[in-house]
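This is the structure, below, for whatever I ask next.
For reference, chains read A, B, C and D in written order, and residue numbers begin at 1 within each chain.
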Amino acid sequence: MTNGEPTQEPVQRGLRTGRLEAFSDGVFAIAITLLVLDIALPATAAKHLLRSLGDLWPSYVAYVASFGTIGALWLGHNVITEYLDRVDAVFIRINLLLLLFVAFLPFPTRIVADYISEQSPERVAVTFYGVTFLLAATLLLVLWRYAVRRRLVRPDMNDEEIDLLTQRLTPGLGGYLVLIVAGLFIPIVAVIGYLAVAIYYIVPSRGLTRLIRRKLHRPQRS
Amino acid sequence: MTNGEPTQEPVQRGLRTGRLEAFSDGVFAIAITLLVLDIALPATAAKHLLRSLGDLWPSYVAYVASFGTIGALWLGHNVITEYLDRVDAVFIRINLLLLLFVAFLPFPTRIVADYISEQSPERVAVTFYGVTFLLAATLLLVLWRYAVRRRLVRPDMNDEEIDLLTQRLTPGLGGYLVLIVAGLFIPIVAVIGYLAVAIYYIVPSRGLTRLIRRKLHRPQRS
Amino acid sequence: MTNGEPTQEPVQRGLRTGRLEAFSDGVFAIAITLLVLDIALPATAAKHLLRSLGDLWPSYVAYVASFGTIGALWLGHNVITEYLDRVDAVFIRINLLLLLFVAFLPFPTRIVADYISEQSPERVAVTFYGVTFLLAATLLLVLWRYAVRRRLVRPDMNDEEIDLLTQRLTPGLGGYLVLIVAGLFIPIVAVIGYLAVAIYYIVPSRGLTRLIRRKLHRPQRS
Amino acid sequence: MTNGEPTQEPVQRGLRTGRLEAFSDGVFAIAITLLVLDIALPATAAKHLLRSLGDLWPSYVAYVASFGTIGALWLGHNVITEYLDRVDAVFIRINLLLLLFVAFLPFPTRIVADYISEQSPERVAVTFYGVTFLLAATLLLVLWRYAVRRRLVRPDMNDEEIDLLTQRLTPGLGGYLVLIVAGLFIPIVAVIGYLAVAIYYIVPSRGLTRLIRRKLHRPQRS
């Protein structure tokens, strides 16, 4: 019976998305919360604690920029999986690759926090930071484009809706490229730029909000 | 068909709350569990381990106060999302901002634990701690008030019920302001005060319990 | 209408257990995984890495004992919430107190790992470790007894079934008391004993397995 | 009534798998995300940050190999629990033992990252790493074979399907044995080999994909 009816609805779903979402949410939530471990006072801070806390500003900026970026990636991931009808094995692999870079982000964040206020290595630190962001954002777009090409998206989505999300996910990549180059000249501007890109992704676009509403006509998955 | 019937029920729900809750629960749970990493013995503890463990009392107090505060914020977040009919894109952004401060809390906790028993920098440490609490609690209230103003709450909630939760979330802010000032004079009193505010939030109020019961007449979301 | 029918079924449920379980699972999972961070080689390990890895045996024993204990507490928590019909506000508070000790466990684990092989402070370390275990296990029993006394358990549970779970959760406390005393004389025996208690809790009892089967006659929550 | 009808459907299910999956997902996600904490620059890195970041290549290789392995174990765990009709108490114990090794993996990963580029202790480090992988992969196979032997798998699975998953989980063990021996001679080859085994597990096999599709004919568990 099971292999006699290969075209019926549950077959199309591929793998369940529930545990993929749970595992991904876990990695996003842990990576975003581990960022705080990299904010540390030097051992000599006791004497001038207020000034020492102030001197940590690069750590705070890096914390907020990385928090915003991981938050934006999580939000994008969230929207993509909402659009999906099913996932396949390649999708899971691309998703693992995306999570590999998400989980890696606390390390370049720490590098930026440690070296942004120093003269010589700040360029290297900020470039390393930006490249990791660029790779993670690219993989999120790859994840989405793969889902579209392999028709994993819900059948009731029309082309206009799909294009709108693609357009939404793409310009950030250009932004990252510009900021990586800018960071070679004025590193701190690049860090603030990364925060701006994160805010751009987080701020709701009208078109997308409209799409999400339509999407909710289908019965809710848990 | 989808845009021809904009007033039907699923459209009103906005985004699914499931993954927002899962991600938020993750951040709360991780932040509350990372607190223990900041309790550390000095390298010279071996000789008088019992005394060294006793000397860590500021770490224990800070651990309990922060654990209680994150627990209280989680509980408040829990109640708010229970009341919601749907979330919108701005709600998600305010929620990310709240989580930014929740995930940050282990850092001021470590600062308080390290400097509360020292003379000079304890005022700075306790103020830094209190301001973070105040910001997190304020954002929780902002989240709730935004949800009320934008009518994201369930339609069967009446004004009395909404006011009761608002009244419940508000006085803690005044408490934090008083304690921040008190901490400038007697730091340790402020830390114990923060624990007291957390207990106040956690202890059930009669009115709220009654409300929660009523709320459960609706079919359970998972 | 909502307050005119106070006796109907949803009212009795109190708060939803879903997020309480998700948050608790998160804290248990994080605390159990953070244990590994406390296993660390000394800086001088490079020369004789194999011997240095062997010299870490107290860390491995403490890791396994704590992992087993947190695993056993999670399992007990799991069984208790399975039995519940609903939770109330006090239950949530006791649960937060239990999680406070669960999340604290990585610290005494580190203390035991660091000092078990040294002469003088090992007694203090092992006692500190055992007392934390005792408090966590006691709170788990308090959680269960509170749920029974306040009739939060499912109405179709009979007294025999409730007694069986109570009997299952109780003897470990006596075991911890004996081991705390034993640890004052032969510390390493106590650590191995804590592992044995964890295994006792994890190993399935016949009576309990039978109960769990019966319990599953009700429709599945979540 | 409950014990008068022991053969009806819910009784066969044993324990709910929901919280076992949630707890396991949590441990997998946390262990995979903690790996990044072990990537650290030496204190002298400021002068030649780019070179210092390059010198960390063993950390990156170890990070990717461990991330891939935990990802593969999670994927295998995912497939196994998908096949299950119910779990029993022994299954839960074996699962805890598997998680014990999964949660342990960040430690050997750190050892490999620290010592792979040094002459003498690299053999020990790589062997320690490989043995942990072998034990975790073996436990995953034990978990599956136990589920098959105790007839915990879904009744509509036929023998061919079960054999296919067994064949899929088995050869990696041989791969680990070969790599552990190879690591005694050329350590870095073994580390790259571990990454290759992880990719082998992650890359979808045709037979398995077909099976997973069939499996989805049953109603979805949440």
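Keep in mind that, in the parts below, contacts are C-beta pairs under 8 Å (C-beta built on N, C-alpha and C of every residue); 3 or more make two chains touch, one makes a residue touch a chain.
All values reported here derive from a predicted model rather than from experimental measurement.
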Message: Counting residue numbers used by both copies over all numbers at the interface, does the subunit C-subunit D contact come out same (over half shared) or different (under half)?
response: different
Message: What rotation angle takes the CA atoms of subunit B onto those of subunit C? Round to the nearest 5 degrees.
response: 90
Message: Which chain has its C-alpha centroid farthest away from the centroid of subunit A?
response: C
Field: Distance from the mean Cα position of subunit D to that of subunit C, given in whole angstrom
entry: 25
Task: Report, in whole Å, the distance between the mean C-alpha point of subunit A and the mean C-alpha point of subunit C.
output: 35
- line: Where subunit C touches two or more other chains at once, the residues are 22, 26, 30, 34, 37, 222
Statement: The answer for subunit D against subunit C in the complex is residues 2-3, 6, 8, 10-11, 13-16, 18-19, 22-23, 26-27, 30-31, 34, 37, 88-90, 92-93, 96, 99-100, 103-107, 111, 114-115, 118, 120-121, 124-125, 128, 222
Message: Which stretch or stretches of subunit C touch subunit D in the complex?
response: 21-22, 25-26, 28-30, 32-37, 39, 41, 45-50, 53, 63-64, 67-68, 71, 74-75, 78, 82, 156, 202-204, 209, 212-214, 216-218, 220, 222
